[in-house]
Amino acid sequence: MVTNNATDTRTKLIRIFTFLGGIYFFLYFVLPESAVISLGMKAHHEEISNGFIVIGAMALGLGLYNIIRAHGARVVFQRAGWFNSLALLVGLVAMIGATSAQWLENIRNTKDIRSVQIVGEFATRIVEDVRTPPVGRLVPPFRERVSALIRYGDDRASLVEAHTNLSVEAGTNGGTSILVVEVRERIATARAKLEELKGVSWQQPTEENVGRLTQFSQDVAKLASSYSLMKRSHDAHGLSQRLYDFLFDGLFNQLGSAMFALLGVYIGAAAYRAFRVRTIESGLMMVAAVIVMLGQISFGKEIYENMPSIRQWLLEVPNSAAFRAIRLGAGVAGLMLAIRMWLSIESKSFSSGRK
Amino acid sequence: MVGRRLIYLLMILAVGLPIVFGVSQKPSRLVSAERMYDVVEQVRVQPGEVAMVWFDFGPNTIAENEPQAQVLLEHLFRNRIPVVLLSQYQQAERFLAKIPNDVAKRLEAEMPGQQWRYGEAWVNAGFRPGGAIFIQSMVNAADVSKFLGRDVNGMPIAQYHTFSSIGGVERVKLVGEITGLVGVFDNIIQFFQKNDYRPTIVHGCTSITIPEAYIFLDSGQLKGLLEGIAGAAWYSEVIKEHFPKSENKQLLVTNTALSAAHIVLILLIVLGNIAPLFKRRGLHHG
Amino acid sequence: MSGLEHITPGILVILAIAGILLYRELKRVQGGYHHFIRRIPGVDAVEGAVGRCAELGRPVVFTTALTDIGPVLYACLGVLHAVARKVAQYKLKLIVPQYSPEAMALVEDTVREAYRDVGRSSSFDPDGIKFLSNEQFAFASGYMGLMHREKAGAAFMFGSFAAEALVLAEAGQQVGARQVAASVSPEQVAFFICTCDYTLIGEELFGASAYLSREPVQVATLASQDRLKLIFVGLIVVGVVCATLQSWYPGLASCMPHTLLSADWSSLGW
Amino acid sequence: MDSSSSWALASVLAGGLATLAIFSFLIKENGFYRFFEHLFIGIAAGLGPMLIVRDFLWPTILEPMLGLTVVTYPDGTHPEPYQPLYLLYLIPMAFGCLYYFIYSQRYSWLAKLVIGFTLGASGALAIRGFFSEAIPQIAGSFKPLVVMVEGNISLMESFNNILFVATLLLVLNYFFFTFGKEGSLQGKMAPVGRPLLMVCFGAFFGSTVMARLALLVERVQFIVRDWVSAVGTFVGIG
């Protein structure tokens, strides 16, 4: 049993949170830009906004829970329609599985591709640090950095070679053979550069050496971009991607379109049923509908040449005026309600802390 | 009374027959589509400047939105305007990947030797949740490419040379919003703006939302409009005028099937008004 | 006019007026003032529809479809609360198909409250709050099946609807349910008019819960929004007059109402 | 035939079955439909949360928070250090978890904290949303009732503007609820708004038809072209 006292405290607490939820966006709107900047809201707006999105995103489990509870029970106790519920749960699990698998694979590949890019970025960074020695940041001596670069570069080059051969064997380079050729050329170039780097003494960062590094980083960047294209087209043939595509394109999209297509049929029944000219009002509605329909098809022009322009006029003048009025009215009502929501102005609101 | 199921059947036949026999007619002229063509045609970009096109549609409205997306991209690609593709709508992600590829392939087939490659002609920033909030913070970001971070392949967008230095949102020279959803469209209209910046927005809407779109066209918040599939059909005709090799037969057959269905619908309305009369007379006799 | 990322002085004034109007009406109503509210036929039908279910012993379905958390949903909850009370009194089955998980939490809470208000907390069935899907047409397909399997006697469709509206309404038609719809998205109203027994248009949805409950706060909101609208009407009239005069005196541009509204703080030396 | 084309074939065959299942509802609610209805809901229920995690939570929140975006060069140095501030995201994450108390008898009020917070946020956002949409709308309605073109009056445009403004005001007037006692001008004018609304809705109906039919066309094309030929291929193999 909850005492009224506790209830009141909760009610207060809920109202305070409701107010807090709105205060940021409200201030962001009502304060002049100069103030928003000086308060640092502008600088962190992105992160703060993300924070709000995160809160909502956390609710995603509510729906899942509700569905699994309802249909899970039906399957377990074999209630009427348990078979359909089973189909639902299978669909759910399959989709989660396929999406995760495809996602994880994507993460892995991105990691590989990034690692190749990093070789280039690192080379550039070494050059930058030579040009303008870093402040407040400790870096190993020039020579060690370069040898680290060369070692890592060798390693990544072998990785790219391995993957290229893999995709050739798997025959997944059908449409991308040009790509494979390109990748192989670029590996060759990068390798050659690496060999060249190995043959140089790195005691001192001379202009010539630094130039070599810059050139190397550019070659690696090129390699990385064509490697990523090849890798993606290779993954498109992976099992997880295929399964995902099957569920998404083969079922999800198709079912969605089919449902929508029903409307095309229902609209016939609606038109037949509802456009009885009983009153002037329904008559007006019918005439407007027919004119607009004729105006948007080629056939309309054969009946009357200016049909499209009449349609246009109908939409631009009377229709948009009425529409604007509806939106404006609803908008004003929404505004008042928004203020009430934010300030929890309720005689007996959801914010009552009763349990 | 004509039975409900009979009407259902009638509608399916009306749509089906023209498709089975592949009948195609010239679409009717749409001024709004021509206006939009001119708006897009006038867009000129300096290095680093881009167009940003939102595919905010799912399988439910592809029939209308996909052709629109295709004609708009075709036009931008032909003019070599780099495009940032993204979406506020989860189910759009497949089309973000598919449509630009199709268009690029078609153009490459039409003009051998020329290339439209991912990362150069376009980049796919994928689905971005958060709607209004997301758009607000992008508009305020110092560098759009940094703000968007990674593309759908997990690559930093700034890695692609063409998109490495977009900078502030002012450098987005054209905003295309292709959707049948009123909410996401409102997000663009309401939040894709700054005190000192209002983008050129063009919009591909489904026929449902045409009237609403007109309000924004009228108030100047929209600069161009594609009205449903008819809009796309006429836009493709305008493109064809300038580039005779451009292919659009499929689009025209669809458009014709639609006309046929419209006529049946109008007949149903007439029938709906006549049938009761007969019924009443029947009663008198009985 | 320029974009509206931050408020302008002119708009700040309007916002202030809105706040003052709301406060004033609240005080008046609390002081016992009774506002006249014009009849909204659709809303009168709500009671009848529930009554019919009681006679037929068929369940009541109430959906806010794609409406996400925001003012519109908030308005719908007022109506849901009233409907749920009736349903609880008649001891009927209430089904509320859900689209958005976040909204679902709020809806569940509202229905619970309604049952508690009429002292029937025990007969509240959480399984009545059915999460179908947060994909538009998966939701619609679920709703279609549900209407047929449950043989709903009445269906209330309140909120903002998109293409799925006709699917939902036709499903109700097919099982012969008494249907009342209210949509803030005018695109769909035509279809509701074709398939439902009663249709509330645009803002009537916001009026509905005040009309049903006669709750002071809601009536005050209704009154204040009417007055704010009146101010906008006045603004439009003034704007039109200025614009018309402008045809002869182009110099007037600077004192056009919207130029004043969109004037930035900088123009005040900020 | 290779694996890639057999996957494609499978997905077309499945798609056709799914479409026919949904269309079978036109005859009557039946088991075939019911099965695919549930499958659809299941797939959608699995996809939604996964996309939020994959496209938002992971790249925008978790990756940076876990320091996975921090690059480590082969010599062990980092171009940018780890940003501990990202850990602050743990607060909204934890707070969002309160949603789940809605199912608790005892602590459901905790869920109301986060629901309230969300209500407040969407309320405040809606305030801005209203003004940034409505103000241009209102400004766009300031149309001159008399339009001058090169010094003389354009009748057509003037007429359009007059009609536009009149419609706008009359419909707005229709939506007053607490005025309009019998006899008042507002009360008298209110009914005039209705027929204008009907014209608006008729126009909507007409323009909507296209979208509805467009999808029907797309489906019929899919069945007639893709699916039928896919079945042919399939039978051919079998």
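Order of writing sets the labels: A, B, C and D. Residues in every chain begin at 1.
Quick note on the criterion: a residue touches a chain if its C-beta (ideal position, glycine included) is under 8 Å from a C-beta of that chain, and two chains touch if they have at least 3 such contacts.
Since the model is a prediction, treat every value here as computed from it, not as a measurement.
Q: Quick check for you: compute each chain's CA centroid and the global CA centroid, then name the chain with the smallest gap between them.
A: Central chain: D.
Q: Go ahead and name the chain pair joined by the largest number of contacting C-beta pairs.
A: Chain pair with the maximum contact count: A-D.
Q: Find the geometric centre of each of subunit B and subunit D from their Cα atoms only, then give the gap between the two centres in Å, rounded to an integer.
A: 15
Q: Round to the nearest whole Å and give the separation of the Cα centres of subunit A and subunit C.
A: 30
Q: Go ahead and note the Å separation of the Cα centroids belonging to subunit A and subunit B.
A: 19
Q: At which residue positions does subunit C touch at least two other chains?
A: 3-7, 15, 70-71, 74, 101-102, 105-106, 109, 133-138, 141, 163, 166, 186-187, 190-191, 193-194, 201-203, 207, 229, 232 - these are the residues of subunit C that touch more than one other chain.
Q: Would you pick out the residues of subunit D that each touch at least 2 other chains?
A: 22, 25-26, 34, 37, 40-41, 43-45, 47-48, 51-52, 56, 60, 99, 102, 108, 112, 115, 118-119, 122-123, 125-128, 132-134, 136-141, 165, 168-169, 172, 175, 197, 200-205, 207-218, 220
Q: Mind pulling the residue numbers of subunit A that touch at least two other chains?
A: Subunit A, residues with two or more chain partners: 29, 33, 50, 52-53, 56-57, 59-63, 67, 114, 248-249, 252-257, 259-260, 262-267, 269, 271, 273-275, 285-286, 289-290, 293, 296, 315-316, 319-320, 322-324, 326-329, 332, 334-335, 337-341, 350, 354.
Q: Spell out the part of subunit D that touches subunit A in their complex, as residue ranges.
A: For this pair, the touching residues of subunit D are 3-4, 7, 10-12, 14-16, 18-19, 21-23, 25-26, 34-54, 56-57, 60-61, 71, 73-77, 79, 85, 88-89, 91-93, 95-97, 99-100, 102-103, 105-109, 112-128, 130, 133-134, 137-138, 140-141, 160, 163-165, 167-169, 171-172, 175, 194-210, 212-220, 222.
Q: Would you tell me which residues of subunit C are touching subunit A in their complex?
A: Answer in residue numbers: 5-7, 12, 15, 18-19, 22, 26, 70-72, 74-75, 77, 98, 101-102, 104-106, 109-110, 113, 116, 127, 129-131, 133-138, 140-141, 163, 166-167, 170, 184, 186, 190-191, 193-195, 201-203, 205-207, 215-217, 221, 224-225, 228-229, 232, 265, 270.
Q: Can you list the subunit A residues touching subunit C in their complex?
A: Those in contact with subunit C are residues 28-34, 36, 56, 59-63, 66-67, 70, 255-256, 259-260, 262-263, 266-267, 269-271, 273-275, 285, 289, 322-323, 326-330, 332-341, 345-348, 350, 352, 354.
Q: Could you list, by residue number, the parts of subunit C that touch subunit B in their complex?
A: Residues 2-6, 135-137, 160, 162-163, 174, 185-187, 264.
Q: Which of the residues in subunit B end up touching subunit C in this complex?
A: 4, 58, 60-61, 91, 136, 139-140, 180-183, 190, 193-198, 208-209, 211-212
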